[in-house]
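Listed below are the structures to be examined.
Common to both upcoming complexes is subunit A, partnered first by subunit B, then by subunit C.
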Partner chain A sequence: MTIPVRIENLQKTYQTKKRQGLFKSSVRQVDALKGVSLEIERGEIFGLLGPNGAGKTTLIKILTTLLLPTNGRAFINGFELTKQDDAIRATVGCMLMGERGLYWKLTGRENLVFFGALYHLPPAARARRADSVIERLNLGEYADRPVETYSSGQKMKLAFAKALINDAPLLILDEPTNTLDLPSARELRAVVRELNQQGKTVIYTTHIMAEAETLCNRVAIIDRGEVIAQGTVPALKESIGQETVIKLEGVIPTQASTAVASLHGITRSAITSVNGHNQLTVVTPNQTAVLPQLIQTLSGHGAILQKITPEEVTLEDVFIAHTGRTLAEDTAQ
Partner chain B sequence: MTTIQYTPPTFRHKLSAMLAETRLRLINISRYPGQLVMEFIIPIVFAAMPMLLGQATAGDQAAANFAANTGTANYVAYLLIGANVFTIVSGAFWHIAYWVRFEQETGTLEAVYITPTSSPVLIAGVCLYSAIRSTGTAVIAFLIGCLIFRVNPFQGDIILALLFLFVGLIPLYGIAFIFGAVVLKIKESQSVLNLMQWLVSFLMGIFFPVTVLPPFVRFIAQLFPPTWMVNGVRSALLGVGFFLETWYLDMAVLWAFLLFAPLFGIWVFTRTEGNLRGNQGIGQF
Partner chain C sequence: MTAVSPHKKEPYERMSEPMATLSAFAAMVKKEFIIQLRYPVEFVASFAQIFLIVVVLTLAGLMFAPDGVQSESSSDVTGLVVYGFVLFIYLSDTLWSVGFNVRREQKQGTLEQLYLSPASKFAALASRVALTLLWTGLLSIGAAVLMSSMLGELPFHNGPLALYILLMTLSGTFGTGFAFAALTLRIKEAANTAVNLLQFGFMVFCAPFFPFAALPEPMLWIAKAIPLSYGVDAFRSTLMGYPNGFPELAPIGVELGIVTLFGVAMPLLGFWLYRKAENQARRRGSLSEY
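For the complex of A and B:
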């Protein structure tokens, strides 16, 4: 059976020119992907997680043939990247750039029919497929209005519909719930699940770890161009061993969080700011032994603690355990 | 064993995708009716300026003086043809060369590039759209202009004039691809396109015969297909005289451009596109 996605040591280096005066410029190299290898099985919903700038979009752009890799190989639906790009494009449904990939002066239906033509569907099949996608995603109410009159959520749904127009066996969805409100995001995830149950393989990128936890069979966490962890969600949680997570909220000065990082018995710690309060996440193998020492160190460095919560390990904690940073912190940067 | 089958698109599939691209753009522009109306008016206003200046400076002798230098006393039609061919040249630059940049800005370029329709097919669709839009508006603007300035638009060899127009469009679009590649490379390219449309329009002689240019500038002017196109249309309708004495020799030159310019233009464009895919990507703006 053909593996939908096989990626072998994929690398991408961007070269950017920096002007130095009128005629001089220097070339700067940025390694966006540093040897990514992955295999995605048929019928999986595979999550690509990571903060903004981690390399997720670069990887997606390479897999969708928009970018050429600097090194490495990839096979999509059994077709080799850079050698059989047309076949790859024909057998993948993509949602990239969200609502920006639509023609705003055209109606939703006109957009779908147009993209159907670019996927080489015969005219009658285009119209039928557009009708069926419109019905499935409940777009009927506004499908014949110009896209410029849509709300942001409606545009995202139409962009998702566009990804389904060629009925491809592999769907690549890049942050599809961005700008959607909670009910719409839930609805979209339900459709993704339903499509997956019907046999479609899905690559789903997100920086929202909770979304990946509820939706994906397996995930790969990408950070600074490398896959730092991959596996099923329970396996990844187990991978940080017997470790547990303590979340501490309050006013926590920098010197206090720095002091905590050097305490014995603490694997990783990371601080974020939530609604004017600091939240310190601490990963430790022995919660009971560490807690008194932790409170003492924080208080001794001027921290005022308002809430201490021992929590279940989440994918966010897996990210912290591997990188020493929180996802929110990286995404904000 | 389950394998995914892929059947390459047939010519019919490609033609259908090309026509879909043309249709998309025609629907899009039809939703800006004010802009279309302006496209009928601008060439008339544009031609009216030198026309009125000529009348103001030469008075009753305007037609005779004009005939002495150009070969026709019908300066109204001469200037209207120049102004309308200019809108076609300008359209080629803005509809085709600027197409990529516009789609980059609106975010739709990546959306079309991830489909199995190749960029030459998309470009062909954009060219057909530009041809329909700009020749349609140019012909209508010419008819309205002739009506306003009381000149008979149906004189001379209309079929030959249209032949020069349509044969000239293809190499013109080839040149537009080359500028399209420039736009892909330098991004903020409005100023370059603005400059080029005026430079090409000056060299093709929108308001004067290129024979009045100094020999070297005239030589440069004759390297541009629009120069041969506009002179062919004027010669067919007004009898101003072909560059090589007979229409078929002038037409042969345009055919030489036709065979070379589009292939060279597409080659330059797809090469630039390939280089971009190798670095920052086609949709980057």
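For the complex of A and C:
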């Protein structure tokens, strides 16, 4: 049976020009993907995780034929990228760029019927498919209004509906819950799960680790153009060994968090800001031995601690263990 | 590796070629039409504007009819102005609408969405002109009626041959429009400046509103190097029944040859350039830049 997605050593280098005066410019090379290899099995929900700018969208754009890779090969539903692009497009449903990918002067239904035509559905099938998607995603209330009158969340739901119009075996969803409120995001994830149970393979990019943990069978964590870890969520958590996580909240000056990083027995640490407080995440193989030393060092450098929580390892901690940075910190940057 | 066949495994049937392309083309034209109708003021104003331009040009044309509007020479002047104007609005719309539409889709973010689908890129480009040509056709008829009512009866000869010249010139212009769309993908907003320059260049060197004889010698040589000039000259000379001094640039047989070559080769060249620009945009990731 064909593997839906096989990626071999995919690389993408952008060349950006920087103007220096009227006639001069210098060229800078940016390696957005540095040899990514992945296989995604039929019927999986595969999460691509990473901070903004990690290379997720570049990878997605290459897989959906919008971008040409610099090197490497990929097969989507058995068709080779750059050689059989139209066949790939016919077998993939995509949600990219959210609300910007819609015609705002058309109604939601008109958008869906139009995109159905681009995927070669016969006229009657377009209308039937649009009706079915509108019903499934509860868009009926506003489907016949121009998109320009929609809220941001409604536009996102319509963009998701558009990805379903061609009933493709592979769905590629790029940050689909962005701008959705919590109930709508939950509803969208439920639909993704249901589609997956019906046999669709899903690639789901997000920078929200909790979302990936609850939804995905397997995940790949991408950072600075490289896959730094991949596997099932439990396997990834186990991959940081017997290590545990301690979260410390309070007022933590920079010099205090820097001092912690050099302590013996600490694998990684990263600091972020949560609700006006600092939160220091520390990954260590020996919580009991490290904790007193940790508190002493922080207090000695002027930190005022309000909460100390030993926690279960999350995907966020896996990211910290591999990179020494928090995802929130990178995404904010 | 075995490929998945979307036609066999999915519940929704797909159309096969060429129906799929024709149907996608029709859907794109319909989409453009609906969007135009939802800007009613702009839609009506674009029609009204053309007729006002017609009146201005007609009155200006009267200055060149020394014996009054009913004389034979005035009939030639009328023909020159009317047919030149008809061709100008046809060519102008064809030339710019492809590039402008591509840019508009790029700015609103829908260009990438079109590239996500397997729909024919040629159909996507052609659909951007189809509606324009329909409106321009209606406008041309209206403009011709208005101008002849002001200036007297229009000379009308060799209708089928004139239609052939019009179609070939349009086809060549359509190809030039592809090339302009390619340029738009590369230079984006700067394309507007290029349009202003080229549009005035076209108005001067292709002489749609005056005879080529009015051009000074060096400018005439430039005019002769532009295939579109032969389309303008052949079209109006043919409809006017080749009065003395027309066609102005070359014998009609030569002009027909140039116009035919332009009409056949330019769409191929233009589409090739567009595909090159498109691939470059896919390499640079600039399809969605705005």
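Note that the second predicted complex is superposed on the first by the 333 of 333 C-alpha atoms of A that agree within 3 Å, B and C clash if a C-alpha of one lies under 4 Å from a C-alpha of the other, contacts with A are read in each partner's own complex, and residues count from 1 in each chain.
Note that in this section a contact is a pair of C-beta atoms (placed from the backbone, for glycine too) under 8 Å apart; a residue touches a chain by one contact, two chains touch by 3 or more.
None of the values given here were measured: they were computed from a predicted structure.
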Subunit A as common anchor, with subunit B and subunit C clashing or fitting: clash
Touching partner for A:67 - first (subunit B), second (subunit C), both, neither: both
Which superposed partner A:146 touches (first subunit B, second subunit C, both, neither): both
Which of subunit B and subunit C A:125 touches, first, second, both or neither: second
First (subunit B), second (subunit C), both or neither touched by A:91: both
Which of subunit B and subunit C A:106 touches, first, second, both or neither: both
Touching partner for A:75 - first (subunit B), second (subunit C), both, neither: second
Subunit B versus subunit C as contact partner of A:167, first or second or both or neither: second
Partner chain(s) touched by A:228 [first = subunit B, second = subunit C, both, neither]: neither
Set intersection of subunit A contacts, subunit C complex versus subunit B complex: 2, 14-15, 61, 64-68, 77-79, 84, 86-87, 89-92, 94, 96-97, 100-106, 110, 113-115, 117-120, 122-123, 146, 162, 169
Complex interface listing, subunit B residues touching subunit A: 1-4, 6, 8-9, 13, 16-17, 19-21, 23-24, 27-28, 31-32, 106-108, 110-118, 277-283
Subunit A residues within the subunit B interface of the complex: 1-2, 14-16, 42, 61, 64-68, 77-79, 84, 86-87, 89-92, 94, 96-97, 100-106, 110, 113-115, 117-120, 122-123, 146, 162, 169
Touching residues on subunit C, where the partner in the complex is subunit A: 1-4, 6, 9-15, 20, 23-24, 26-28, 30-31, 34-35, 38-39, 108-110, 112-119, 279, 282-285, 287-288
In the complex, subunit A residues that touch subunit C: 2, 14-15, 58, 61, 64-68, 75, 77-79, 84, 86-87, 89-92, 94, 96-97, 100-106, 110, 113-115, 117-123, 125, 129, 146, 162, 166-169
